[in-house]
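Shared between the two complexes below is subunit A, which has subunit B as its partner in the first and subunit C in the second.
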Partner chain A sequence: MQISFDLIIASLIDGLLLGFVYGIAAMGLTLIWGVMNVINLAHGPIIALGMFSLYFIFDLFGLNPYVALLLVAILGLLLGVLIYFVAVHRVIDAPHLSTLLATFSINMIIIGLGTAAFSASPRNVDFSLGSLSLGPVTLLGTRLVAAVLAVAVTGGLYLFLYRTRPGRYIRAVANNRDAAELMGVPSAQILALSFGLGTMLAAIAGGLIATFFPFTILAGGVYELKSFVIGVLGGLGNPVGALLGGLILGMLEGIIPAFMPTTWVPVLEFLLFVLILLVRPQGLFGARK
Partner chain B sequence: MALLEIRDITSGYGEVQILWGTSIALEDGKLTSLVGANGAGKTTTMRTVMGQIKPWAGSVWFDGQDISSLSAHAKAEMGVVLVPEGRQLFTDMSVEENLEMGASPKRARSHIPKNLELVYEMFPRLKERRAQKAGTMSGGEQQMLAVARGIMANPIVLMIDELSLGLAPVLVLDLFQSLKLLKDQGLTMMLVEQNVQMALAVSDYAFVLAHGKVELEGPSRELAKNEHVRSAYLGL
Partner chain C sequence: MKRTTLFLIFGYLLFALIFVACSSSGGDEEAATDTGSSDTAAESADSGGGNQTIVIGFTASQTGSQNVSSTRQVNGLNLWMSELNAAGGIALSDGTKVTFEAVTYDDESNTDRVQELYTRLATEDNADFLISPYSSGLTAASAVIAEQYGKVMITTGAASDETYKQGLTTIYQAYTPASRYLTGAIDLMATLDADITKVAFVYENDKFSTDVVDAALAYAEEKGYEVVLHEGYNSDTTDFGPFINKIQDAGPDAILGGGHFQDGSTFARQLSEKNIDVDFFALLVAPPEPDFADLGDAALGVIGPSQWEPLAAFTPDSAAAAGLEWFGPLGEEFVSAYEAAYDGEEPSYHSAGGYAAGLILQQAIIAADSTDPEAVGAALDAMDLLTFFGHIKFDTTAEAHGLQIGHSMVYIQWQEGADGLAKQVVWPAEGATAETLFPLP
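Let's look at the complex of A and B:
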């Protein structure tokens, strides 16, 4: 097979742009883990709900997808707070198996209801921003905007965590929940807010992905798995690590199909996952504990 | 009337009962100490007062109000502040951020400049290290920060669990001196201490806890002369 340099560059950049969105998804997973040591197994279905919310807001109300994304973000936040109080709060101090089962049951509930409501046939957000050609590289408008938004969301998250009172409370609760409570911080509310921010990021990622590819209610699963790989790659609990990990994974996905069949992509991704866990379990950008 | 009162509390962890009817009262403006051997139930008493452990029976009263069922953050909001055993700092945050976290209760926020000045005056070391991560400081500095963070909460009652634990005697003396400064400003305080001699020397009134019950109580000066206290706790 003849591999052209131009093709590789084009795939690399395409993957990189997609990687920004993977990064946002992974950031949602890793934020929840970092604050409350809960692995949110409902992450994938929430990404899928982000896709469907954007689709319906766009399709029914004819809103611009990026305006719709703002609503999707708010819905994601509210859904997360609801999930926290309904399913997670009562098992927050229980062993990890309990929180895994609690979030897994939310996963099953969303998939079940979603399949009943939306059927299993794929949907598509019929929206295009055209494309930008730079020499041999063609960049899709939706991918470019998604990447820019992903960077803005990351920046916004950092400003929130480091420059606002609720953000400082989140970091304090993540660091030492008992001490935060003794200092007058209502820790249950802060945990709910953190969970909500995590699901908000998942919903935003889903909304952005919906502008690229067709999807069903099951479409979030693959991004949930990617989020795990990225989370481990970037260091669980580290938001910037998640974004960088997303970029690495995106580029790998862009470049692997240039050399071997696409079906090898997940195999190599999970090989990487296992390797990182064996060699550098704190992640590429995580601090040694 | 006592400002903070613990009435006949029983509590424990799971099936294990630790407190068997503990009653303690803190008088307004006084420095009270709660002393006892390791395992007597001092820390459990503090955790129960703050609501980190729910009392099985008995009640906690603050300023004439029953606060037994309130959560720890609600009590901190009212001005009942505990500096917990083992410092429990926000180790990933800077000294300054830890102090800001101390000032989380709404009633503390407008007093931030005044309290910050006070704690920096009490512990000049913290001012020098204000940008340093709390987790990287020495044990003594961390203990200073833990006390300073408690003061930032603008407490009405300040309770300090094991101030002296693991610290060099010189440092302990320094810390006790700074407590006197706070007492002179009229703050109601409770010291929970294994270091009985030191606690009796600085406090006005003391409770001796043994096996989850108050065994003895009285003015500290008198307890220091008590035969039983001298032989059991002071090794005299």
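Let's look at the complex of A and C:
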């Protein structure tokens, strides 16, 4: 098959724009891991809740989706803090299996309640920013804005972690919780805040995805899997690595279908995942530890 | 990070993948959602004195992925039964009055349950006749059981051709088979513009959609079209960007394909957002659904095949013109009776299919003048009839016994109406309610 240059450019840019949002989702997962060594299996349903929150705020109150996103972020933060104190705090020092099971329970609870409340029928945020045609490439407004917001969120997170007192506390707890506690850092609150930030990022990613794809309460699962791949790719616990990993995964998803049937995408993605685990378990950009 | 943790994650991912693969079992014909409906179980009660109660056995997907469509189908069937019983049933020439009772269970949209329950219907409940569950996958499972116990079964909500090509002898299909789902769209396209030459087929990778597209592709090639893209996508695809880029690169005049509601509507939306310039766009399953209009401008001009539409005008006159026997209510009578029975809900083609399955059985019993399964089977073999649902005639060859050969799809298109988007029938020409909007805006 003749592969045209136009096709490659268009696919690459599409994938890259989507990759920014994947990066945000993965950053949420990897932040929680980096600070407290917890694998949050409720990550997918929280992404789905982000989608639904944006949908309802947009649909019921007619708010601009990007204003709604701010509320979604706040709700995500509060939900994370709540989940932390209800399900994670008591098992934080237990073996990994306990936190896995605790967050998996949250995952099942959200999916169960969500299916009962919203059913499994697809929802669609009917919002468009038009598109911009540059030669062979058609850029969708919603994807461009999402990419810009993703960069802004990453920058914001960086500033928060490195320029504010709670941010420094988070880094201290991530480094050595016992030492941080001895220095007077309120570790329970800081862990709750970190968990909340992780779920906030998941909710933001969900809200952004909702502006381009229809979704159901089960839709978060796909992005959770992608987040794991990205997390391992970029190095679990490394937020900037997550963003870069997201971009790499997005590009792969854009480029692979230009050369072979689309059904090969997950095969190659997970092949890459296994290879990274075997050859460079600390990730391409190095883990935090 | 520790290696063990990474392998723990890897194990979880493997588990999650397997879980996802297992839970997305054979969806067919229809995207499904919501919950609802109830049922009753009754017992066979043969009594002397000229009255006979016939037990009709079937399962409904009250839970699981096929819930919405199955509920509509069963509503249609129940409406047929209650109308017929209220009118006193069928009077045979020996003075026997035949009335009907339903025995039904929830099959949970699950193939294993279907096999278990149809066995129970055939043996413990002594059902005289069977109606299929909804969807090709579930129907294929029930057909084997019906054949095994020698029960005549009318299938509805099941389009796949394959079930009828396994040498079964007591199974009769009400729906147009999958192999003819999109062929009418190609016929329509040929009447619109002779300059259309390049066609892209993009479709969901499931049995139903693949069957439909394989048949349509062969038909298109036979008609001289050049197929510039032929590619399937996974059922859970949400990002059609890679496909749309490929479509743009291949530069087709027409796109055909799709799968079910969610993927079809997502595909239509993204195609419109990317301003892809094609003249003709036909998708499976999604366009006839009323919710498709929620896409707004993206729905405009999209064509879709439907087993039945309330608009379609089959009448005793059109039966006479075609030299066929007419049987049953008019389309509008069915619609108003259905709306009266189900809180004003407009019947979908699933509902009409359920009702039609009952009508087919009723007409076969009348024609056979008996409830003996063999006599009814012979009457079904000889059936050639027009109903509000369309033409009904079965293949009687050994290779494809029971396959529907009379019924054909109607093709709808979303067009600008007086108040917003409205569906119009654009094909076949004799049933059309509007000119085709062509090329796509």
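Criterion: the second predicted complex is superposed on the first by the 284 of 289 C-alpha atoms of A that agree within 3 Å, B and C clash if a C-alpha of one lies under 4 Å from a C-alpha of the other, contacts with A are read in each partner's own complex, and residues count from 1 in each chain.
Note that a contact is a pair of C-beta atoms (placed from the backbone, for glycine too) under 8 Å apart; a residue touches a chain by one contact, two chains touch by 3 or more.
Bear in mind that the values here come from a model prediction, so they are computed numbers and not experimental data.
After overlaying the two complexes on the shared chain, residue contacts for A:T263 are found with subunit C alone; subunit B is out of touch.
Note on subunit A: of its two partners subunit C and subunit B, the one contacting more of its residues is C.
When the two structures are aligned on the shared chain, A:S131 is found in touch with subunit C, with no touch to subunit B.
In the superposition on chain A, contact of A:R90 is made with neither subunit B nor subunit C. Legend: residue contacts after superposition of the two complexes on their common chain; A:V222 is shown touching subunit C, with no touch to subunit B.
Touch criterion met: A:P186 reaches subunit B, while subunit C stays clear of it.
By the touch criterion defined above, A:D178 reaches subunit B but does not reach subunit C. Contacts from subunit B toward subunit A in the complex involve residues 50, 52, 71-73, 76-77, 81-82, 84, 88-93, 97, 100-102, 104-106, 108, 149, 153.
Partner subunit B is touched in their complex by these residues of subunit A: 168-169, 171-172, 175-176, 178-187. Chain contact summary for the complex, subunit C toward subunit A: residues 1, 3, 5-10, 12-13, 16-17, 20, 31-35, 65, 205, 231-234, 236-239, 241-243, 245-246, 248-249, 261-262, 265-266, 269, 273-275, 294-296.
The residues of subunit A lying in touch with subunit C in their complex are 4, 6-7, 10-11, 14-15, 18, 37, 39, 41, 96, 100, 119-122, 124, 126, 128, 131, 133, 136, 138, 140, 213-216, 219, 221-222, 224-225, 228, 232, 236-237, 253-254, 256-258, 261-263, 266, 270, 273-274, 277, 281-282, 287, 289.
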